[in-house]
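This structure is in structure tokens; I'll ask about it shortly.
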Amino acid sequence: MRVRAEEADELIRRALEEDGAFYDLTSTLFIPEDWKARGAVVSKSRACLAGLSVAARVFWHLDPEVEVAFLRRDGDLAGPGERVLEVRGRARALLAGERVALNFLQRMSGVATLTRRFVEILETLPRPPVLLDTRKTTPGWRGLERYAVRVGGGANHRWSLSGGILLKDNHLFLLRRHGVSLAEAVRRARGLLPPGLRIQVEVKTLAEVEEALAAGAEALLLDNMSPEMLREAVRLVGGRVPTEASGGVRLENLREVAETGVDYISAGVLTHGAPAVDMSLELES
Amino acid sequence: MRVRAEEADELIRRALEEDGAFYDLTSTLFIPEDWKARGAVVSKSRACLAGLSVAARVFWHLDPEVEVAFLRRDGDLAGPGERVLEVRGRARALLAGERVALNFLQRMSGVATLTRRFVEILETLPRPPVLLDTRKTTPGWRGLERYAVRVGGGANHRWSLSGGILLKDNHLFLLRRHGVSLAEAVRRARGLLPPGLRIQVEVKTLAEVEEALAAGAEALLLDNMSPEMLREAVRLVGGRVPTEASGGVRLENLREVAETGVDYISAGVLTHGAPAVDMSLELES
Amino acid sequence: MRVRAEEADELIRRALEEDGAFYDLTSTLFIPEDWKARGAVVSKSRACLAGLSVAARVFWHLDPEVEVAFLRRDGDLAGPGERVLEVRGRARALLAGERVALNFLQRMSGVATLTRRFVEILETLPRPPVLLDTRKTTPGWRGLERYAVRVGGGANHRWSLSGGILLKDNHLFLLRRHGVSLAEAVRRARGLLPPGLRIQVEVKTLAEVEEALAAGAEALLLDNMSPEMLREAVRLVGGRVPTEASGGVRLENLREVAETGVDYISAGVLTHGAPAVDMSLELES
Amino acid sequence: MRVRAEEADELIRRALEEDGAFYDLTSTLFIPEDWKARGAVVSKSRACLAGLSVAARVFWHLDPEVEVAFLRRDGDLAGPGERVLEVRGRARALLAGERVALNFLQRMSGVATLTRRFVEILETLPRPPVLLDTRKTTPGWRGLERYAVRVGGGANHRWSLSGGILLKDNHLFLLRRHGVSLAEAVRRARGLLPPGLRIQVEVKTLAEVEEALAAGAEALLLDNMSPEMLREAVRLVGGRVPTEASGGVRLENLREVAETGVDYISAGVLTHGAPAVDMSLELES
Amino acid sequence: MRVRAEEADELIRRALEEDGAFYDLTSTLFIPEDWKARGAVVSKSRACLAGLSVAARVFWHLDPEVEVAFLRRDGDLAGPGERVLEVRGRARALLAGERVALNFLQRMSGVATLTRRFVEILETLPRPPVLLDTRKTTPGWRGLERYAVRVGGGANHRWSLSGGILLKDNHLFLLRRHGVSLAEAVRRARGLLPPGLRIQVEVKTLAEVEEALAAGAEALLLDNMSPEMLREAVRLVGGRVPTEASGGVRLENLREVAETGVDYISAGVLTHGAPAVDMSLELES
Amino acid sequence: MRVRAEEADELIRRALEEDGAFYDLTSTLFIPEDWKARGAVVSKSRACLAGLSVAARVFWHLDPEVEVAFLRRDGDLAGPGERVLEVRGRARALLAGERVALNFLQRMSGVATLTRRFVEILETLPRPPVLLDTRKTTPGWRGLERYAVRVGGGANHRWSLSGGILLKDNHLFLLRRHGVSLAEAVRRARGLLPPGLRIQVEVKTLAEVEEALAAGAEALLLDNMSPEMLREAVRLVGGRVPTEASGGVRLENLREVAETGVDYISAGVLTHGAPAVDMSLELES
């Protein structure tokens, strides 16, 4: 469950560049090159940690000799005031990398922390549905945010548009407008798809559930349905294909949605609505 | 007040790649290449818009012939349900770019909307301080988020570590630990700086305010002070150097901080705590 | 069914650079900058064309004013000696881009031509299986080679390792060595997968077919089986999950494999064993 | 005779990206992160090996701690079933890199193997001509393919358009059409060239041989001539300038061409017509 | 006072590529891969050294095992014939990197050497002004050239257009043409700037000095003034804001300008007019 | 005789980035986005122009709608005070691009101007040698500097280490140390080289001239010889192979070297010792 270094490194480099960290005027002028320092990243509130190794890599980009001690691991819960990462090395590198390292850690931990809260609710159910993220990720950050979702205990939805088939309302609108039946479209597509992909169809009403099943849909996305309608839809499907509830799922209504019997729940808020967790770097010597 | 295309384009390309938009399986299989479509981006709630041209560029990356009509401009307020952007072109390009375009627009508008709310409060004061953002931006997104801050009516803090001097607590800690007086440090640095930069020093107490002024500080960052202490600090400074209040500024306490007489207020929440504004793309023909 | 310009452009730039085309000594010294020329790309043998627009882009990289007339389209069959593309513009650009343009076109058309021959055989069957390519593509060329497969009438297998699940012999070896039953592994993975993906399992014997089905495999890859064993495996599966034949499929044995009743046939030779089709650029004025 | 790591690394990264190897769903879900494995790359048929270090680098990109033992070196002949490379490390890295590593090794070894067969024929002659490759290389792969040619015992033609002068039929056509004599063109170019480059001219007939020599050609490319004509051309040249035979040279006619007395033979088929050599990775523990 | 490796590495890679160093024909053909060598970089004349670590990195790009001994450090003065850097490793790597390594070292040392000569003159004054470089740097080389200026004892002007405010003649021309008073412009801008930046204004006459001060200028650039006028301007300003002399400052007139009492002197010639210092690599075994 | 846009664009982008031109604080704050302006690039002294189109591209990078009028062409001589390029467009783009555009133009024109002066001297001779540049170019700038050399009337030496063979003193030292005779080394290399390349050997004494000729050298580089020795060397060679004088050639001694009868003269000073030509951008409306 590693973060892909490749991706993190590119973003780290870009972030350090946009922050001018390779030529930090203040440190260059006030902190002699040979001063050493030691500091700790401290979590200001309860957090499910994610991105510790990304934060460490930020410092390594500025000075490969910075030593990092991981006091906690990704996925651990940290309490307020807890030291989670210790760094030692050239003071200039610590100072120049501080903000960028925290910016990564705060945001990734924010996503993991929110996901964890979702999972804690689902785990109280006898047969919990799988919790999925969505494609509503920060552009450039998909890998990091989805990693944080996994760290928090969730699962990832299709990785990208080339990683699965999902017929959404806009696709269905166009098929209708051009007089192509869903059944016909599904049949033709099946002949151009590898065996490992299921054709999933978005539906908004019970009538659409029946229509999609009849057309050969191999999985359903139940969009923006009320808990009642979800329960009825699950009954209609009767286990023939997997069902996923989506749309407006939040901490407040999660349990209610989960109890409808759907197999999957996806929530965009995990990545686009997770507040950053506050962290700071405190020099100690 | 344009977004730097350079930066947006790189992120757009990366975002489209990570979303697999250059090979959207669903569209490729279900939507023939020559189908055309028209759709509108609709704001789901009240929003100060930012990033409309970025959203447009997303579609142009997929098909340079997509036509875009800007129904609103960056900085405009859109009401719930309002159509803000119209796109026409190959249906495949609209479908493949939809999610990425919205991901940009939702986040940038989120920052602008929150900034606007801050500014609306400040504008009720007789002599409002300047509202500044911070360096707590999403790695890779600084240009876009700071643009959104300007669109919302705020000003940008130093652009990067190479764009200004700010002696923070960690710098001061190290100077102290090595027995270097602030006055001596400021004097030496002054001889290595161009005339256009002021040496700003972070202070947490009134004693530190006096010490910094005595040492030659050319601007002060008043960190995490209560409104009372801020008011006293402003009195002590007596207009000799500019003052900036920072730390924990939120919508709730903004007015109180502003009324202390500081010249500048900076708030990290503008970029790291702004919730995305909900938008959708609705095909209309 | 477009080629992704993004990807082609990167390769084109790289190819022009490695060929020194941006500073072609011979043209620079012998051909004055203002000489114009017209030429045609001619196919030397029967070919299913693929990559015409890539070849055109090569010239545009050297001179955006080169005019290109597409005499044929991707997917067309060209006979020996047939002119398929006409280019006019600065002679230097035509000369400097000639080799690179042909290198792209020859290889892509090679893949399309071989695929077409496969498809022509399959189309004689009453119920032809779907023809798939594999991941045995030239590094850096996956997009172009798979596009050529589609142009030739084939379908693409899972786009990448992040685009589907396939448990191969090496995975199964490891599970066995660690005492993890396939059934248990499938069960756990199912809870971490989105609904749109099927778990496909590679099997080499009829015993493995039964074991995989019992363990919950949602699709089978029948690896290196003889036609007889394939026929028996198809019978065993009885339509419960999709079946794919793979391993050593060539023009010579394609029909025999196809007649076993499998749903899919994948053939690595489509991309790694397709000989280039000979093409040349002939200046005509 | 190293491969340029720079070039290989860029292609490796691109190949791993296009194969989704940085997020291999199957391994992530089925193979725990701490499982280790050992495997060997096995050649399925007789091969002149090329690219072993490239294959090794593929695994290092995924996990720098993978240990590789080179059982054979580039240039060695491997028999069918022979183990040529041993890898140990995290099972996930071996599984995710397997296909890409083999894709490199199979293709490079394919080129080396074919080149070796050419060289074995030439070495039976008393005074063998130099065997050269051409610029008909896979875009993006020139460095790797030409390295494989050297490994197989061949020599490389001019590295790129900026690495030598060759007046081909299209250049000569344009000179003629603009009324510029070859002699005049050669004279002017000579004054703009460094001393280390010879002006080589392509000729198709004996009359053109004489014309080129009279015009000051410093080397000749004898294009698509029959063995008889080649023999006569060599006689005409009489050792005054080097001669190179080109066009349609294959294993079948190589000896015949070589016996005509030309100094060089170039063959495009070495790089664009070499079938991949079949290799596999077999986990052993 | 390190060079930013990031930037140097990108330029090094580019320089090695443009020099074809990754495939050095001569070394490949004449120097077997396993030959080792030792050599020294020798300065041909008196030089203030800058860029030793960049030169070392050039060799490391070609072979990470090259051993480098730094006989001198950046900022040291080397006499003619002095050995400043020793390298040992594969002979091919030393030969292929020689030219590029020297190209970096010669140019950076050229800038440092000229800067040092300026500083030596200034240091004879009782109260020397700060010596600044300008933005007249070689495109792509700003970081390296400005580092060399610091090594030679100078200071860097604003890092870039986003790192400071300077109203130059062209800005003032436009404000005038649109009827915007300088005072009004300064007032508005002040409300959009962070506290750490001073508004500097370029002036060419004594009248403009007074106008700028009245308008609120926070620093002055005294452009192309004679020593007499500079002296008068300094008197007029009376220490209210910092003053900088610029325009046509050379070794010959430096002392005269410095004696006028200005706080800063900037000189473009430091980066755009510094002759390269001659260096060579001599193999010794 | 175009500059390769590709290369210029990459450097331009990098230069604009390092100059912060995509976020020019001064222009953003003082110059409204809709102000237009017109200006001219003026040469401050006599110059052979090179790089006008590069300067123009700088502005296009900032605003594709800037209109440029080329009042002069590359290769023209401009007198002091002469307007050479006119630009119109958004004032912000002109201001933000000014410095970078001039930085390119000044340096490229510097190289062309010095080359032109060399050529003017050579052209007074009855049988002038070819003037060549060297590989002593600014890293990252080879294409631009060598283009400027051609514009000034010179020719380019081998393009890179992969574009020709030159055995220099360090190669010869190593061969000697390993007991490999030059004759043997040349013989073996010849069998691995394409016909279009000549083996050039560096010699420092008349004895070495004879040794190199005997060993089969196909061209000679006469290094650092006095005019007398050069004359004698030319006599010894007697036209058998081309001769090139190199080392310490400057304007002052150029004629003397040229009169020795060598075929080529190469001078590093053309690219590493050419002072920038002063240019400025003057807004006119």
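Chains here go by letter, A, B, C, D, E and F, matching the order in which they are written, and residues are numbered from 1 within each.
As a working rule, a contact is a pair of C-beta atoms (placed from the backbone, for glycine too) under 8 Å apart; a residue touches a chain by one contact, two chains touch by 3 or more.
Nothing here was measured: the structure is a model prediction, and the numbers come from that model.
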| item | value |
| --- | --- |
| Same or different residue numbers at the chain D/chain F copy interface, by half rule | same |
| Whole-Å separation of chain centres (CA-atom averages), chain C against chain E | 52 |
| Approximate Å spacing (C-alpha centroids) for the pair chain C, chain D | 22 |
| Residue numbers of chain F (touch at least two other chains) | 20, 22-23, 25, 143, 159-160, 162-166, 192-193, 197 |
| Set of all touching chain pairs, with the criterion as stated earlier | A-B, A-C, A-D, A-E, B-C, B-E, B-F, C-D, C-F, D-E, D-F, E-F |
| Contact set on chain F toward chain D in their complex | 130, 132, 155-160, 162-166, 191-200, 219, 221, 241-244, 263-264 |
| Chain C partner contacts - residues on chain B that touch it in the complex | 13, 17, 20, 22-23, 25, 28, 33 |
| Chain B - residues contacting chain F, complex | 1-2, 4, 6-7, 143, 159 |
| List of chain E residues in touch with chain F within their complex | 11-12, 14-15, 18-27, 29-31, 35, 37, 39, 91, 94-96, 98-100, 102-104, 106-107, 135-143, 159-168, 170-171, 173-175, 177-178, 185, 188-189, 192-193, 197, 272-273, 275-276, 281-283, 285 |
